[in-house]
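Two complexes, one shared chain (chain A), two partners (chain B, chain C).
Right after this comes the complex of A and B.
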């Protein structure tokens, strides 16, 4: 690994000051993605050699988890996935989140990996992560997935670049209508996660709205909705300790057994967590059964444009939509 | 009436003559033959080796069975934990990767980003000037080796181009970025069949063609006639993947020069072979190069040869005048060290209606990478002995390709060849409407190896099949050949196979020293590495058994070329049998010397003495006894027929020749149950039963561990592991353990292991090797079980959700 300078930030303000001051500085929490990124020497015209690490684990209260019936859940972005998985208020009020945070990687990694890091982690595309490939995302002028091995690449919303969003937690947050609290030099702002992620059609270099000197400090989830149901499912190659080929977070609000409101979000299929409004449209006002779930699944993938090796993902996504609707609805 | 001697059709067996061989290619050829026992085929072809007479075979078997039956129950046959297990799990064991010499430097290597290129310009001046950089190595600093230590024409992605030694890894990495290289990219070819096409790019300009040798050919009988007579013919293609060993300890070399003497600590399966090649390359006497591998954190066939990285560490250390440590990153390991190459095979089998196999035809291609010359046979000869079959026609091609160098991974061609064979046997069973178990039982050849016409030293394949089937509950679980399957929800299926693996023969050198110290404790001096299979514990148990002492009284030396001579390699499923035989013979020599002194002291004939629990006693009168320590003190030497006190520890030694007259193979059977989800392509392995012919289990606990480990590795190869070359650029896209997916403990099913003990007539106490065959059953068993569950035949591994859904949904 290349030598790096280390700065410990006592407060969020110190962290953003350091980031603002050094263009090659990067905030580090668990480091389970960033350290591998640096070790793999992933650099390019638009991907600096990060050589200053601003430690944010040193920030007091950064990992706090607070819950109230009125305000809902407030999660410090430095809370580890294990913290969340074992937090009573999460297990009792947000089973969807409790399930999602138990899925990434291994227990050892979840012990150090934070929710902020999981949301902001970089895509796993092996061309992006291969030092030999100067792709669009690093400032190059080609997407090697188009001519290469694209078994794990996007089937929806790809353009120029065909990464998929790797997070298990992000789709759950979208399904729970969560918001991101962002701190920058100009102060604080709160943005719904539905506006947080950025796809290659908007900007091929970045995956979210965070500027270099901004940090995600808190995740806010509205109070639990009575009579809501949810499901989290994930398919991986290996079965455990693996990134999703496809995952899905489904949230339903039922009224007398019919769907009053829903949010169906998949990762692993598109450059950003993909909310399937198409599927949601199919089930709105209806009672979920096998046929409706299948119809929603088919509708959700109508716009899928698989590449040479990843048509199988369309099948998996359909299966997961169908199963998660049935599971959530208890049908 | 005079008996007519039955003569066998002459063997048609061609390794394929080397074209324009380099000395190293010839050496590899010899090495490979020695390693994999081909010499037996050649000896038989030349009439130099023949089967023992029937009477002799009976004597050999009786002797072996008597030796196994006479075992005391204190050592051999008991379940002993690894003698170094405590050190390993507590982190106290010093693996080579843990060696940090004082003032040692760290290495990083610049590797070619292209699969084939010429280095037009290499400027290291800026790197040399970086503070903290102590030496930079370029091709002109390097002696000749094949593959080159540093390449001027790299011909696979990741071939080393330059190397840096610096005060820490960070500085060394920074220095790599200061090296200016100008490459001229050259055309490349990745696939074996493409490499053989006319007009294919030449893999490297140092070759005249991509085919280093003529194809391997093996024929017996008349295949065309066999197929003409067959009632049922099945045929198919199969494709396996580029696979990595992923030993837990990454490859490493730490080099230290003391004037004209070089010491290298390296994680090794065979320090002596590596020492010889390193010394020869550096033009140094072998005795001036010392290799040490106290512990070896896994090998699987990847740590037997001298690599460029050994030379890089040695040359950098020489140039810098300081010790140099090179611990390869996982990416370095993927790119520099060997991998098991993909095999594409077209196979055709013919059967009579009663199930008897009458013809086998195989054409196979393997991509061997850009250097070395494999002896072709081990790639292509698998599955030509297990079934009685009069008509066999096998041709195999092994061209160079612009991919990393290839090597053994728990054998060379056995998992891939058995995959091709066993998935076709399953299809044949369906066509014949037979239980596949019955098809195996009908066809297995148990007595004579049909290639060399020699009796098997042991062949327990029938017992493996029957015991494993019983433990698995095959007769209950296998529901016959289904016509309909429900593809709307997860389905269970079962699959089985049996194999004969062409590995496990004893081969020279087989030497050992067994020393009994003055206090009666025992030291076995040998150089076999313990790769995790518990080899050293096995050797200690063998010596303890012979000498009648507790296993705890025995220590076993670790690989160090300065401590021992070459006692034999740990590879090819042979350590227990080869080195174990030498250890047994050395211990017997020590025992004889011990009893010689004891006999004098007790005034009892030597033949009347026995040893138990460390005490030597007269069998007729156990009150006449001596401790082993007292017997050592009573040791004598005879000079000019005068008996003199030796006053020395007892030194037993053995140099064991390779036995002749028997075919030594490893055999076994596997039964798997899986659940396949047709909606996601996920396969869950639910149950594994593997039975192996181990001859005689020296340490049943180690046998169990070996089978479990192999089953797990086999699951990885079957379901997830695949090293992927980007077709457009020739670059490996997944040289890491995130994208190269090993299987994990968390998905392990119930695994039942069965040791079948038919007693090998040659091995120590009837034992034989078990290193490699343990990972053969997984892929074909899982493929057959997927068929049972889903009704689709998968012929390509790994069987990922991608490939399964492709087959199930016809995508």
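Right after this comes the complex of A and C.
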């Protein structure tokens, strides 16, 4: 690994000042994604060599987890996935999140990996991660996945670039209607996660709205909704320690057994976490059973455009939607 | 600014190469010769006012639906190429789901489950009906490529060009990316910039139209990896034969 300069940021403000000052600086927390990225020497016209690491683990209160019945959950973006998985307030009030944060990677990585890092991690596309492929995401002018090997690439919403969003936590946050608190040179703003992720058409260089000198400081989840149910499922190639081929976070609000409201979000299928309003439309106002779950699953994938090697993901996504609805509804 | 914007390449902009409405009217006033000229039917598919003679575009984006895999690279690179030079980012070519398209065997073999797609480019009509209807001469023939272009700094967004365009846009609910731009023809309104937008053959770009250059299927065909005698997006000279062929194809959508 090439040498890097290390800066410790005592506060969020110091972190964004350093990022604003140095165009080749990157914030580092757990480093499980960023260090691999640097070691693999992934660079391009729009992807500089990150040679200054701004340590944000040094920020006090950056990992705080607070819960109140009125305000809901406030998670410092530096909280590790293990912190969250073992937090009583998360387990008791947000089983969907507790489940989702237990899925990425291995226990060792979850011990250092933060929720902010999981949300903002870069895609796993092997062309993006391969130093020799000058793809759109690095500032190049080709998507090698379109005509190359694409068994893990997008089946929905792909355009120009066919990455899939790799996070297990992001779909759960969308399903829970969470918001992101972002700090930048112009101050603080709060953005729903439904507007946080951006696809290749909006900006092929990044996967979210964060600018170079902005940081995700907090995740805000509204108070738990009585009579809501949820489920998180993930399919991987390996039994453990793997990125999702497809994962799904389902949140249902039931009224006398019928679905009053729902949020069904998949990752691993599209360049951003994919909320399936098509599936939600099918189940609205109805009681979930096997037939309805299947119908919702089919509807969700009507617009799938699988590539040369990944049509299998369409079937996996359908199966996960069906199982997830049945599991959440307890049907 | 407007002049600079499309003087683009090496060739300087010369006013007399552009056919503006004003010039057109001047020509009309030139006498009986001009009247005879138009009445002979040179303005082939006349609708509304007679059309001024204009040079054929040096090229036209000519899709082959059988080779399209609906990757949408053309749409997005079109937006990017134009945004990079400060023009509207509304895509000038659009892709629609169309199960009726017969696919090339190479595409069926490689992308068996992907679906079939139809492409809607601007046809760079030999006698472009969108030009003479513009009340402010924002539609012009660009001197380098002879592309029929809209000068965004002049456009007043009246929408006459959009309505004059004889090529409709198919139901946008079938657009592969489901983005609804409110398209009625091959000329599209950009509410962000409050201008109408059409294909300008990327006259400002050295490599020509970005969609043709960056189409991944084209690239693989040129590399010999995908075996095909035809390109997914070709750029033949815009002769009247080519126009007739493309018109037939586009009318079939």
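Things to note:
Keep in mind that, in the parts below, the second predicted complex is superposed on the first by the 331 of 331 C-alpha atoms of A that agree within 3 Å, B and C clash if a C-alpha of one lies under 4 Å from a C-alpha of the other, contacts with A are read in each partner's own complex, and residues count from 1 in each chain.
The definition used in the following text is that contacts are C-beta pairs under 8 Å (C-beta built on N, C-alpha and C of every residue); 3 or more make two chains touch, one makes a residue touch a chain.
These figures come from a predicted structure and were not determined experimentally.
Placing chain B and chain C on a common chain A by superposition gives a fit, with no clash between them.
Of the two partner chains, chain C is the only one that A:303 touches; chain B does not reach it. Once the two complexes are laid over each other on the shared chain, residue contacts for A:24 go to neither chain B nor chain C.
In the superposition on chain A, A:147 contacts both chain B and chain C.
Contact with chain B, but none with chain C, is seen for A:124 once the two complexes are overlaid on the shared chain.
Taking chain A as the reference chain, the count of touched residues is higher for B when chain B and chain C are set side by side.
In the superposed model, A:68 lies in contact with neither chain B nor chain C. Aligning the two complexes via chain A yields an angle of 100° at the C-alpha centre of chain A, spanning the centres of chain B and chain C, rounded to a multiple of 10. Applying the stated contact rule after C-alpha superposition, one finds that A:3 touches chain B and leaves chain C untouched. Of the two partner chains placed by the overlay, chain B and chain C both lie in contact with A:311. Shared-chain residue A:190: touches no atom of chain B or chain C.
With chain A used as the common frame, chain B approaches chain C to a shortest CA-CA distance of 7 Å.
Once both structures are placed on chain A, chain A residues 147, 311 are touched by chain B and, in the other complex, by chain C.
The touching residues of chain C, when paired with chain A in their complex, are 69-73, 75-77, 79, 110-115, 176-178, 214, 216-217, 219-220, 225-226.
Considering their complex, residues 141-143, 146-147, 157-160, 162, 200-201, 204, 303, 305-308, 311, 314 of chain A touch chain C. Chain B meets chain A in the complex at residues 113, 157, 168-171, 173-174, 329, 331, 679-682, 684, 719-720, 724, 726-729, 731, 733-734, 736, 738-739, 741-744, 746-747, 800-802, 805-806, 809, 811.
In the complex of the two chains, the chain A residues touching chain B come out as 1-3, 36, 39-41, 124, 126-127, 130-133, 144, 147-149, 151, 235, 237-243, 245, 309-312, 315-316, 319-320, 322-323.
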